[in-house]
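A short worksheet on the structure shown next.
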Amino acid sequence: MAFLDITGVSKRFGGLMALSDVSLQVEKGEIFGLMGANGAGKTTLFSVIAGHVAPSAGEVVFNGTRLTGLSPSRICRLGLCRTFQIVRPFAGLTVAENLRVAALYGSGRKLSAVEIARVVDAALEAVDLSDRRHLDAAQLTLSGQKRLEIARALATGAQLVMLDEVMAGLNPTEVSAMLATLERLRGDHRLTFVIVEHVIGALMTLSDRILVLDHGECIAFGTPEEIGNHDRVAEVYFG
Amino acid sequence: MLSGQLLFAALVSGSLYALVALGLNLVYGTLRLLNIAHGDLVMIGAYTAFWAISLLAIPPVVSLVIAAALCALLGWAVYAGLFRRMLARPDLAKRVEANSLILFYGISVILQNLAALAFTSTSRGYQYLDTVITWQCVSMTGNRLLSLGVAAAVCFGTLLFLRFHLFGWSLRAVIQRREAAQVVGVNLNRVQMLTICAGFAVAGVAGVLVSMTEQITPFMGFPFTIVAFVVIIIGGLGNIGAGVLAGFCLGLVETYGIALTSPGYRSILIYGLFVGVLLLRPEGIFTKAVRS
Amino acid sequence: MLSVTGLRAAYGPVQVLFDVDFDVAAGSVTTLIGANGAGKTTIMKSVAGLVSATGGTIRFEGRDITRTASHDRVDAGLCLIPEGRLVFPGMTVEQNLRLGAIAPRARAGHSGMLQEVFRRFPRLEERRAQQAGLMSGGEQQMLALGRGLMARPRLILMDEPTLGLAPVMVKQVFETIEELRTAGFTILLAEQNARVALELADRAYLLENGRVALSGPGSDLLGSPEVRRAYLGM
Amino acid sequence: QDPITIGYSIARTGIYAAAAPSQENPYKLWQTQVNAEGGLELPDGVRRPVEFVSYDDQSNPANTVRIYEKLITQDEVDLLAAPWGTPMHLALAPVLQRFKMPMVGNTAASVQLRNVAPGYIWFPTSAIPDTMGAELAKMMQAEGVQSVALLANELPYSQEFRSFLIPALEEAGIEVMVDESYPPDIKDMTSMLVEVRDAAPDAVVAMTYPSDAFLFAGQAKELGIEAPFVMSLIGPTIDAYRKANGTAVNGVVSSAHWSPEAVDWPKGQAFFDAYVEAFGEEPDALDSALAYMSLEILQQAVAEVGLDPEALREEIASGTFDTINGEVRFDGVQNVVTPTGFVQIQDGKIELVWPEAVKTADYAPKQGW
Amino acid sequence: MRGAGMILGVALAVFGAAVPAFGSPYLMGVVFQVAMWIALAQSWSMLSATTGYLSLGHAVFYGVGAYVCVLLTGTIPFELALLAAAAAAALFAALVGMPVLRVRGPYFVILTYGLSELVRHVVMRIESALGSFGRMIFDVPATEVLLWWMVGLAVLATLGAYAIRHSRFGAGLAAIREDEVAAETVGVPVTRLKLLAFIASAAIPGAVGGLALLRTSYFEPAQAFDPVISFTIVTMALVGGTETVRGPILGAVGFALLSELLWSSLPQLYMIVLGVTLIAFILFVPRGLSGLVGRIGRAG
């Protein structure tokens, strides 16, 4: 069985089918890309997986555990964590405190003070926020807050991290740095990523496989190369 | 049960609730201020009417205007003196609920005790339009009829104004999202000041109406604050139109609720309804859910 | 059209802009580029009047607007399309657009402008009765753009307008910018998508830590090895 | 001359604040009068001026307790005057006991007061719920009332009164047609009064507190309640009540055992005149009279035995005093002379109409509103 | 600074407990009152300062405690009655907590107020149905015993507030204050933590209500559930400053002393001065007394 196994997930908002019958499998250690036009349902899919939104149909199995009906905090403690496209930092806490909370609760185990400090430092290091650790999260720029989102997800000790447009607002040089970071995290910590990104270069370089959504439906699935040459994708996405 | 008499009573209290709540809702909606002193403005309106008629023989219909002006002036003073400053300071504006609660609590204490000092806390009352008019076996005292008329007129007048005048759009924009309103070119300062003045003025008007039928004391205001909060929660905080509707609903629920059960359950009914609404539909009965 | 000299701004005790000078010529596209936290958004907000300058002057069409209130600046024809969308979440798409035209100068022709916006962004027309807060990130970005246009601005300040947009939409936004320029609008653009921005720009400014480090025609900056290394990832 | 200090607490703020002037005004009037005469007279004939020490108890009995402890131990006042209301008096009884300081109470009435260990506190009122219940039933019977509607505020005093009234009515053979209780923050009585109107009883007894007394009067008038016997428990004796309701409330019966019109109590009219002169409004026939009486009692006891608390206690407990409400004497904690009575508003005046022995006017059935 | 604070706190508690030995009954009254407000404000801060859920209904726990205590006095030793009062308040919090804590911001503020009023009216109704018209209590424990208990509760509440803030629990609550959805996402069991904080902040006020009742020896629902109690708690906590544990202590002491002072010197004006002080505080000392002390401490 796959590390993350999604079968037949649908989500209806009133008259709108935000997701219809989406299935996908993510393997451990993989970077899985999710692509699609604005409003295609990518964020909604993240919300369903992370337990923020209950699916209208279908189920999600992570690491052998069925997630449907579990609270987001429970899901996080099982090792799956997401970031928010529209950032949600703990604005009044410092950057380091943001991460400390994640480290304290994310794993579901009681860590020692030393371990906590190590986790926090590592996460800060990974997103290059070490020099801003004492700033209130509210004082970071938007892209700084996006990096904080990543760091916080890492600090929970999650094995699978879902990143929702974390590179939006980075310039190409910064994007390359971020790519390197993610590659390293995957290598060093055996993390699995599902990423949503409109910065196409990044998505193509990083992903092992990509799924394309359009109006809530899967319209293509394959390696970056295959997706790059897919007619329908070119039409609805690249224009 | 369905007698006109009960309906009249329900409308009289409902319109008054709607009116008091309207003022509070304006202030809450635009400035996010929890105005605990709202009822004290009702008290000021009531004293205005009382002194006007006792000392100067000015009838309450005229006092409506005086009280509105007086309270609006107070609103301006409070805004210019305290809240402009507070809202401009990010550290204070961040915890605007807690801060405004305490600020208005302070204002409330000051207003009540100033009134007690100036007028003593002796209860006051005067006689006005208390002849009974009977129409189709509904009997109504003139003052309650007047109260219904004025309250309903002010409520619906305000709603129509906000609906059709551009100011209404600006107001709604500020209620929704202050920063965004500023971006599209709303004069935030002016909208805030005018709404706080209008909110206060409306409370003053309500005070004049109340004074015709109730005793007037420096401490009479707090129950009105509470009723206003109950109403605007039922309607949905910051939702002006729904608040007016909710005011009338509360009047109906109260009157018919008492008629169906017993007066002893009056407060339990009202607070029960209020708590129930908050628990089941915190965004208000008449408001659609919003993800911000 | 816009001329900024010696601009300083701060958040509380922390100064973030240090004597920034730049000009925006009428009918041109001017681009600000720079790393995260360089101060692009702060410049935009100072020009729009949302952050008050602690020093320097901002002139718009020859008039000193450094101390002018933000709503008067909108009425003068200067409009910000803010970073992070800032739509009215509880209102419908259409109401949002309607509110874009609240400034006196925009009121007259707002229905024609609405059709114009719908033509540019058909997605908005499809969802015109949708509550803005329930739309996807990208849809909200389109809405913010559309709402800005509703104000019939002469100078449009766009802070990262392509943030979170799919490539097809990004293309469209840049086309829109191009069209707006042709139609006589003036545009000040802050953009991370530096390459496209510079290709498009008549003039560009590179910001570093709240100071202008480099300026010149867009193509010049595009050719500068320093810019290529630090901002274009080459 | 070294002044004599008298301490008391008063509800200047909070839920009872509106009641405070009815009580504090007579205190001030008394002080002015005593000082005008040269001061409070002691047994040796020396007169010393009177000075008050007072604090705001914010309508909270816990504060009252603290204030009297402070008055006694910190401010070391010579004498004590009473705070307002039954709860305060009840909370104060143990404190007085502990410090052995006598205090003549005034505005408190509850059967429970008798449970207060007699010793340092006394209650001059005769408006105690149990005797009042019996007395009212008797009066209604005498006036030919056969059926009654009861409306009662949920506050303790009115509820207690109701609990004694109902059995007394039963005994008197008066039928209770409506019996409703309502919360103190009631804002509209229409549905209750419609019920009353439809039942058309001979009498309506509304056990009101001041704020709902106004509401009751206005709405009973609106609905044209036609019962000839209308009682409103507390409220009608307040000046503002009559000002606000004018002639409509002529004929309303209320609870009080004093009227300025009583010729047998000549001091009463003098008090009334002085009060009107000083404050521009009429005294409350219930609270103001009680407040003034309590100080008269204190004054006379001091004149007899001086300021020593023990002697004073002895004197108050056993003496007989001459007040605006006639002679007062205590047995245990209660005044056993003044009869329980009722007043009626007649031509805007407060007339004692019950009992026979002390009445200043005849009861007259209410003629509409 | 922390050491100094600790020493000061201990000194305060010892002073409070020793007052009966040397102080006048009046001083005992003041100390009782101050200890009561410390206990209440500190308990309030366990929920409201940590999670940002501003409760304007803490009078309900005080009232429930008082009611339970008055029902039980005479039947069991008063220590047990106090324990029962605390337990009842905590139980009540546990029962209503889940639904109540689903709303936040101004809604929570007003909901807690409404809930407290609802309970007050229900108790009034029950009392009048039982035919009870205000209850007197006889044979209350000696004043100094009550005082010791109250000082004990103040110490307990302070220790509790300190422990919460400096624990993992406290970090979770802070995250909840900032953003609940995000907190949930990084593994904080939001619902459970909020409920626990609610219960923790309810228990001591229950016992305080019982004690205060014994001191006044008179019970009436309109007063036991007086909303002024709730307002005073919030005011003291905010004036003291909600960012530290010393805040509520400073607020309670400062406020009590201020009103004691004004009470005697400006009897007519004191409420007005109090109101002005409140306003001035919010505008000019937004971090409360505690922030002020902190600043002076750092400067000196």
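The chains carry the letters A, B, C, D and E, assigned in the order they are written, with residues numbered from 1 in each.
Simple rule for what comes next: a residue touches a chain if its C-beta (ideal position, glycine included) is under 8 Å from a C-beta of that chain, and two chains touch if they have at least 3 such contacts.
Here's who's who by UniProt: A = ABC transporter; B = Branched-chain amino acid ABC transporter permease; C = Amino acid ABC transporter ATPase; E = ABC transporter ATP-binding protein.
Here the structure is a predicted model, which is why all the values come from computation and not from measurement.
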*Contact-richer chain pair (by C-beta pairs counted) among A-C and B-D*: B-D
_Centre-of-Cα separation between chain D and chain B, whole angstrom_ = 35
_Length of the line joining the C-alpha centres of chain A (ABC transporter) and chain D, rounded to whole Å_ = 74
*Calculate how many whole Å lie between the centre of chain B and the centre of chain C, each centre taken as the average of the chain's C-alpha atoms.*
41
*Taking each residue of chain B in turn, which ones touch at least two of the other chains?*
112-113, 264, 267-268
_I need the residues of chain A (ABC transporter) touching at least two other chains; which ones are they?_
92
*On chain C, where are the residues touching two or more other chains?*
134
*According to the definition of touch, which chains form touching pairs?*
A-C, A-E, B-C, B-D, B-E, D-E
*chain B - residues contacting chain C, complex*: 90, 166, 169-170, 172-173, 176-177, 179-189, 288, 290-292
*Which of the residues in chain E come into contact with chain B in the complex?*
54, 56, 99-100, 102-103, 105-107, 109-111, 113-115, 117-118, 121-122, 125, 128, 231, 234-235, 238-239, 268-269, 271-272, 274-279, 281-283, 286
_chain A (ABC transporter) - residues contacting chain C, complex_ = 13, 36-40, 43, 85-86, 139-144, 165, 168-176, 198, 200, 236-239
*Spell out the part of chain D that touches chain E in their complex, as residue ranges.*
12-15, 54-56, 58, 60-62, 65-66, 69-70, 72-74, 86-87, 90-91, 94, 99, 110, 112, 115-116, 154-157, 159-160, 163, 181, 183-184
_If we count contacts the way the header does, which residues on chain D are in touch with chain B in the complex?_
12-15, 17-18, 20-22, 151, 154, 180-183, 185-192, 194, 210-211, 214-215, 218, 221-224, 238-241, 243-246, 248, 281, 369
